[in-house]
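In the two assemblies presented below, chain A is common to both, partnered first by chain B and then by chain C.
So, the complex of A and B:
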């Protein structure tokens, strides 16, 4: 197990380094931060001063060297826009994103496995049809629309929940509910498909013939075998959430990393872009590692 | 069902503590990234800090229309050598307890102009050498070369900080204003609290909380549910409640900058034809909200020297066609394709408006294409140096001038060396120079003359609209938005019914 983790960590480190190099140079291709930071009436002299203050006049290799040197000293640089350390800016935002992703994916996984499995058990039955139709609607509804409608109905109309923001547990309900819908719809479909295959396999038929009850057949025997593709999709969806849920963050005023990243790219706040990419990349690496470990726990063949 | 109702009631009770009492909640479209006083001319900073945390020597009363008013300066006068002497208010303290005096003013000015930090203030003092000299604790002189008749107006933009403020961007501003910063949770909220030791009249508001939501529909919903009291800049579609929603002329003007150095736009007949081919009236109440004014200058009507005699170009496609034919007969290449350049998401219905303009111009016989660019790339077309080998271009921009004087617009937009100027006209340069140097009635008269000359004779550009904004305000407040609301929001103006 330890050599496996070590090997994966090394491979991820190499990818991370390549990522930093690529993002560093590519982001600088987008243009000069002075053009965006200063008002359009600013003189060339002011722009020159701005570049000087932020070290943007040096040759790009010098800037890169300085960045790497600082990084080796655990310094991700300053945010030009916010005049504070880029790491602090990103860490604050990432904490919100992480909580949102963890809660949402836990709820999605639990609900999708139960509902997908039950739908598969009587495939084509009434429950299956209702589950399939609603999950397909969920998987295809545009989230910005769902979010606005949810605010209009539950906050403005019924007055049950706050429209947006953070502060109390009630503020989490609408963003999580809206974020829940799409991965739920998708994962229910995958669980259902995978379970139908598992339930039609020979060992399930044998178990049934032996008189094993429905519940242990579904949740003990079939589910474990059906879980491998499901875990892949869960990992995929969780990675997307860790990159930030831009639409949800924008509409609900949730201070996560997705909107931060988009804003920083648009504002050419390079240090924040790099810090955000590094932190989310490390998080995604850790999550992929967990998924690999889950694979090997579920299927002993993978361990070898 | 019962459970759901109970749960709903509980949620309502805990989550939505309405902002009653003397507290106000203001929901803005973007968070301030710094609360740096020398960046207060940037709207996302200024709306929070300007005249709330940090004050200025003078301020321009746009709401009451009474012109330039004293703030931290009690009086000012021009000296024989053209410099300006300001007598400062006494007994004023900063929120950190230190006393305000002339040394703070000099330090604030020097700090804002210091190249080691990139403040916005220096851009308003371009083209002059200017220095501040302390005379005594409560007197300070500003010497400018060339002499600046509007120096007291320019000082409405200089926020005063304590002498000890470091020369780097700060996130915890200290000022002389009626409020001080008490909380800033990045991404969530900024809280200002009224000071007990403020020198002036105590404001009605005791605490102001600023929240940030990018989506205008959410901002409007927050005032509807009582989660916020003021939502500036909601969209026209959301402004549906007459009791809470205000529409008001803001300080933005939409216009198409015409590049006079490139054929066929170097021909005045072609520029007249452009103006006559556009049915501006047709946009009102359709693509731009009712209340929008058709523009005759690049700044809005309440600006000094506004010329009411300048009339919007009549919509006359027949005359436009005739002018084009005349130009063609004289060998002007009127068929050269003209590009309309727009900035993505610059203002509501941006795309539709420019496509309609394209359609109208084509009907009059122009060949026109429309291109959109995001802000950074747009900037390369909007500001000098312009690209070599560019074709004829109409750059559609939105310009903000809430400062009450045309000098903030005229130089940049029309002087030969103005950064966004499409023209080079010696008479315009001369008028700008003379108007900038003049005071009182003479100044107003010169600006008036320049506005008419640019519009009627030079036909400098295609002016389109003076824009309106919409704000939603909780009914418990006695407050109405003004032209200045988009750049500053003094909490002292807010009263309760």
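So, the complex of A and C:
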């Protein structure tokens, strides 16, 4: 187990270093922050001073060297926009995104497993047809379109829920409901397909012949064996959410890491972009490890 | 089942696929819809560009289903009084061109890299895989903004951004399949008979991998369409006066409370297209798989007998 983790960590670290180098140099191609943060009538002296303060005056290789040196001392630099350590800015936003992702994925996983399994049990039946069509439509809808239609209906039209922001439990309902749809549609289909295979296997036929009732057959015998491909998809979807649901967070004014990312990119706040990439990368690495552990817990034949 | 002793001739591939399509009415509807979209994408701009550009300030945000204005105004008009139906039809070309361009480029590059990664030595494969990891975790938004700033916004540049981000999908699938296929007997036989590396890859391995890739590409077409519309929605994709469906949704956003139809119809166009692509890909998964194909062909004969 430990050598396995070490090998994985090493591979991920190599990718992360390449990623940081790429982002560091590419993000500086989007332009000069001084042109964005100072008023257009600012003098050249003021611009020079701004660049001096934020260390943007030196040759780019010197800047990179300094960044790496600071990083090795666990310092991710300052945010230009917020005038605070970039790590703090990102950590705050990441906490919001983490909560959103956790709640959404828990709901999605529970609902998708139950509905997908029931659809597979009577494959081709009425419930299966309804579940398949709904999940397909769910997987096909552009989420930002669903989000604005939901705002029009539930926030503006009926006035039941707030349009955007955070503050109360009610503010969470629309973002979660919209984020729920697409992963739900995808995972229901995977659960259904995988369950159909599991239910037609020999051990399920044996259980049926022995007179085991339908519910234990679905949820005990078949489900455990059908879970492997499902967990892979759950992992992919959770990773996408942890990266920040940029569009949904923007529409609902949710202070998560996706909104922070797009704002920082557009406002050339390079240190925050880099810090956000590193923190989400570590989170996704940890999650993938958990998923591998889940694999071997479900199927003892998989050993690392 | 009366002619059990006479085995019918294998039908021609085209006839065979048409029959299998007929057996799945959802897929049939999807194909018909996609063909309509394709025709509109090719002919739309020539046909309706004038109508889609012509501003009519007396018809600003005209509501849908007012028949007296003519059929172009059936879906209402936008904030400058341009008929929405005409604009949706004209936007089809850009929307489809971006998605198709991105899918073709990423599929071609990803497949070749995947074939190399799967067939070449362990070290080359490892390097290519790490590259795919970096691309996968690189924020596509940043890539879009960088390209937008340096190269300027255009259909071609958006295709570049989207195809780079989708390369890993094909790369990983192809590599995984190649690793399995290369151990099979016919590949070993080709090797023993002295076939060169490229010949084995392209003549012996690629045809086996191709059906899976086609199915993924269909599904990915839908994904790329959604990604393009998200980028345009955030303002870092296509820029006006060019239009795509995603941009139309974004432009209608500020009139949501007074004129919902501005954003609603283009969104519906996206949903119907991606839904059709999903249905088509579901059908292809069965139709292109020789082991599963009987499901569609059996249904056909059973129906033929009862009729």
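Operating definition for what follows: the second predicted complex is superposed on the first by the 295 of 304 C-alpha atoms of A that agree within 3 Å, B and C clash if a C-alpha of one lies under 4 Å from a C-alpha of the other, contacts with A are read in each partner's own complex, and residues count from 1 in each chain.
By definition in this document, a contact is a pair of C-beta atoms (placed from the backbone, for glycine too) under 8 Å apart; a residue touches a chain by one contact, two chains touch by 3 or more.
Just so we're clear, the structure is a prediction, and the values are computed from it rather than from any experiment.
Peer 1: Scan A:84 for contacts with chain B and chain C and give back first, second, both or neither.
Peer 2: first
Peer 1: Tell me which touches more residues of chain A here: chain C or chain B.
Peer 2: After superposition, B is the partner touching more of chain A.
Peer 1: One more residue to check, A:31. First (chain B), second (chain C), both or neither?
Peer 2: both
Peer 1: Name the contact category of A:140: first (chain B only), second (chain C only), both, or neither.
Peer 2: The answer is second: A:140 touches chain C but not chain B.
Peer 1: Once chain A of both complexes is superposed, is A:246 in touch with chain B (first), chain C (second), both, or neither?
Peer 2: A:246 contacts chain C only, not chain B.
Peer 1: Identify the partner contact of A:152: answer first if only chain B is touched, second if only chain C is, both if each is, neither if none is.
Peer 2: Both chain B and chain C are touched by A:152.
Peer 1: May I ask you to decide whether A:130 touches chain B, chain C, both, or neither, giving the answer as first, second, both or neither?
Peer 2: The answer is neither, since A:130 touches no partner chain.
Peer 1: Of the partners chain B and chain C, which touch A:50 in the superposed model: first, second, both, neither?
Peer 2: After superposing on A, A:50 lies in contact with chain B but is clear of chain C.
Peer 1: Would you sort A:286 into first (chain B), second (chain C), both or neither based on which partner it touches?
Peer 2: neither
Peer 1: Using the superposition on chain A described above, determine whether A:13 touches chain B (first), chain C (second), both, or neither.
Peer 2: The answer is neither, since A:13 touches no partner chain.
Peer 1: Using the superposition described at the top, list the residues of chain A that contact chain B and also contact chain C.
Peer 2: The answer is residues 30-31, 148, 151-152, 156, 250, 266 of chain A.
Peer 1: State the interface residues of chain A toward chain C in the complex, per the touch definition above.
Peer 2: Residue list for chain A touching chain C: 11-12, 14-16, 18-19, 22-23, 26-27, 29-31, 136-137, 139-145, 148-149, 151-152, 156, 243, 246-247, 250, 261-262, 265-266, 273, 277, 281, 284.
Peer 1: Write out the stretch or stretches of chain B touching chain A in their complex.
Peer 2: For chain B paired with chain A, touching residues are 7-8, 11-12, 14-16, 33-34, 36, 42, 115-118, 120, 122-123, 126, 168-171, 186-188, 211-215, 217-218, 221-222, 224-225, 227, 374-377, 379-380, 382-383, 412, 419-420.
Peer 1: Mind listing the chain A positions that touch chain B in their complex?
Peer 2: Those residues of chain A that touch chain B are 30-31, 35-43, 46, 49-50, 52-53, 79, 81-84, 89, 92-93, 96, 148, 151-152, 155-156, 158-168, 170-171, 250-253, 255, 259-260, 266, 268.
Peer 1: Per the contact definition, I'd like the list of chain C residues that touch chain A in the complex.
Peer 2: Touching chain A: residues 130, 133-134, 137-139, 141-143, 145-146, 149-150, 222, 226, 229-230, 233-234, 236, 246, 249, 253, 256-257, 260, 263-264, 267, 270-271, 274-275, 277-279 of chain C.
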